[in-house]
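Going by the order they are written in, the chains are A, B and C; count residues from 1 in each one.
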Amino acid sequence: MWIRNCWYVVAWDHEIPPADAPTLFRRVVLGEPLLVYRGSSGGIVVLEDRCCHRHAPLSAGRREGDCVRCGYHGLLFNRDGACVEVPGLDKVPPKACVRRYPAVVHNKWVMVWMGDAQRADPSLLPDNFSCDDPGWRYLPGYLHYETPWELIADNLLDFSHLSYVHAATLGGTDQIAHVRPTVQALELGVRVTRRVPGVPPPAYYRALWDYTGLIDRWIDYSFTLPATLLMHSGARPAGAAQDDERVGVRFHSCQALTPETAESTHYFFQESHRAEQGGPDTTQRIFDGLLAAFLEDRQMIGAQWHNMALPTDRPMLPLAMDAALMMFRRKLQTAVDAEASAAVAASTP
Amino acid sequence: MWIRNCWYVVAWDHEIPPADAPTLFRRVVLGEPLLVYRGSSGGIVVLEDRCCHRHAPLSAGRREGDCVRCGYHGLLFNRDGACVEVPGLDKVPPKACVRRYPAVVHNKWVMVWMGDAQRADPSLLPDNFSCDDPGWRYLPGYLHYETPWELIADNLLDFSHLSYVHAATLGGTDQIAHVRPTVQALELGVRVTRRVPGVPPPAYYRALWDYTGLIDRWIDYSFTLPATLLMHSGARPAGAAQDDERVGVRFHSCQALTPETAESTHYFFQESHRAEQGGPDTTQRIFDGLLAAFLEDRQMIGAQWHNMALPTDRPMLPLAMDAALMMFRRKLQTAVDAEASAAVAASTP
Amino acid sequence: MWIRNCWYVVAWDHEIPPADAPTLFRRVVLGEPLLVYRGSSGGIVVLEDRCCHRHAPLSAGRREGDCVRCGYHGLLFNRDGACVEVPGLDKVPPKACVRRYPAVVHNKWVMVWMGDAQRADPSLLPDNFSCDDPGWRYLPGYLHYETPWELIADNLLDFSHLSYVHAATLGGTDQIAHVRPTVQALELGVRVTRRVPGVPPPAYYRALWDYTGLIDRWIDYSFTLPATLLMHSGARPAGAAQDDERVGVRFHSCQALTPETAESTHYFFQESHRAEQGGPDTTQRIFDGLLAAFLEDRQMIGAQWHNMALPTDRPMLPLAMDAALMMFRRKLQTAVDAEASAAVAASTP
């Protein structure tokens, strides 16, 4: 289940080869094959990676300037997706084209609009500022999941799992699960705030802050449609004033889920620390710790998905900790229904 | 196709970690995920390996005394399957539980009752005595099959295949196929008796009995629901009196099939020899020979199953040698129908 | 989609073990398992590779003279597919048999008739003469495809792809795609003729003809039901008279597609050169170049098939270059419909 009229992350900016490279980048999003490349004068191009002729992937062909030639029978497409040459034909049939998707690089994320191109709205781009801010440092992460994106969203919407899945990495205390977070509705999602006072620091902090006393942790994030997590988090020595920015650690994290198919997902993530904190290998160490934790998630969610393949007549049991994920699922359902209604209305004369 | 109100072997006793071990044992039976562990004061616990909350496997969590904590969001379940703690909640919802299955260790087999717990009946446990009798020696065997259990049952119900599948291991002569066995109906299965006079000894005997003359072989087994083979077998020098127990070899074998899913199977097996016969490596050599033979079966049944995936309008052709397997299939069908009727009756007001 | 009343290539002659070899050859054709072996007095035998008793593959058994004994329960089948022995039974049930398929070795191809045996017609065997003519030299090739045979037929029916898929191997110039071929209907297929004047020689020619000037290429092939390509091709120095056989290169190629299942295919191929041309390693070098090119095809067709698994509401767009493949698809459809009608008529009293 997904919506179409929104921006999805299709890739990190660094994943797309430079304009003069011979390789072409392919990624499947919402079950549609996409070809992503850079225009020679800048700008990103996203085309349907399926030649209109025999459905071969254009990514198996080659670039010719700002055009792409299909590697099967040689049809040439320009950056608008229009076919401009069919070898052996004097005239190109008007129907010969592939779909072009609105796309933009926004704070290092290559964003693609999968719905009605007329409605592509830059104001809906996520505020993933720390991906592109010299005040913050991070390494970009990507994981591929062989599970539906909804299960990963569920995971990100209930941080009580930090106490158990990530006991040795991001968590470090059962208290994260024991405190109750504040959950607020946003227009396009959910905001979750959690305060965890007087707990030991997680292993993950060590790269940045070698403090072994008790700390007050805070986690504050939004999770909005289609599936973007933007989070401020950090910690101070237990009892320090909340407005004292001189002590402790602060992070900003940007994470996005992009459905590949109904049963597989692209996961883009980073967790930024302040540029003025830490030494030369801090960013790498933080990334390594984060990746270790996210592999813990993937293992658990994979095991959950594997279990879900075994039929049972007992549905999942909702608990208080599911407040945010249930609120988000309702937002999603509403948005999916609205798109379906709009499609029906549009096709009715 | 299977019945539920019966005991299935879920594991060999030695497969289940000790009570103080950190690992948790999972096995899927009849398409249901099971968690198997030992209580701290003895006794075996079998719970549904699927947390009632988000369906994660409990086996990915950890033991806490006789309880198991889910590794995803920390729900704690006791050995009855009742949830006794939900982190962050003062009170556990009454619906929070996982299914507990009646289970017992019986002669080294961990047996689980998959049907109505009220009906779990110890008198139905198989008489696999040689798994736990100092007068007999064996090594326990396990194989996983990627085929339906019915095909393996068919195999075990027609030993004429010993002459062909196991010519170089258990068979050694075409005569096994050429003699006609006696097939008798039992209440819950079939009894098969076969006498093979005046044949050379199979390779498999050499570990125990270095006799190269002709022998009289005898094979006598029951195969009962759900899928348990219990067999006495042996041989004497050709012409020796049938009641002369001083000469020749004797075996007792216990084998059980447990459906994992409709298309995969757990196979537990042993073949015991008398403790007073043979030297220090006899038991290992017999096991090695048996395993080699059972891998021959798995290869053949896998090839058969692979062939069965290719459609044909010609069904299998029943032959006289199929008497036992057809009788067993009818017993199975009758038992499955009876369970279905009982379920309908129970749900009718 | 396929027809049954025709000859399919099941193997190259050299793939079938000699009559005295212990191994048995199995290959699935049209979703049916086939056992192929040589009679002791010559002749090829093709039987259904599925014992009538429990559907085990006979190829897992053993030869006994001209008979094959099932390796599961020992049924013995003669070269007509009749069961001649059931171990333990005095009399063989009349229904005990496996299907025998008409088969013949024809110019190194082992051909099997998959339809009504009464209609097996040697006059329909393909004219793959160069597979068995001392005037020509080649090495036999085989590739397995995990794609439907129709996509490979499409590929072979539009050589414009030589310019793109095979730019570095068989092609060498965009001109192949730019010229328009002549397409003629045959009774059972299509004839395609292509002239490509004044182009550089492809890399592939070098093994035979070290000519670096411009050449006139010609390609002339038939593609007939079920899926056989027979091709004369070659080149002369640009401008040389078409009837001057003293200069340039000539090839004859025989290629056949045999559906394994609806989604996988056997591909048999060769490309012969004149025996009097070239040195000791010419044939191997030509084969190596051909195989490299056919692996390019398999990669592209595999990518196309992979793309076709992603749903789209836009069908493939027919272009002028598809004339031959569309004509062939119509011939195929007509033949399939005719077989279906004949089957209905035959089953109507």
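Keep this in mind: a contact is a pair of C-beta atoms (placed from the backbone, for glycine too) under 8 Å apart; a residue touches a chain by one contact, two chains touch by 3 or more.
On a predicted model such as this, the values are computed, not experimentally measured, just so you know.
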**Prompt:** Just how much do you need to spin chain A so its Cα atoms sit on those of chain C, in degrees to the nearest 5?
**Reply:** 120
**Message:** For chain A versus chain B, which are copies of one sequence, does the interface use mostly the same residue numbers on each side, meaning over half shared, or is it different?
**Reply:** different
**Asked** From the C-alpha centre of chain A to that of chain B, how far is it in Å?
**Response** 47
**Asked** Which chain A residues sit where two or more other chains touch them?
**Response** none
**Complete:** Listed in rising order, the residues of chain B that touch chain A in the complex are 28, 31-33, 49-50, 52-57, 60-61, 69-74, 86-89, 93, 95-96
**Parts of chain B lying in touch with chain C, wherever the complex brings them together** = 154, 158, 160-161, 163-165, 174, 177-180, 299-300, 303-304, 306-308, 310-312, 314, 316-317, 319-321
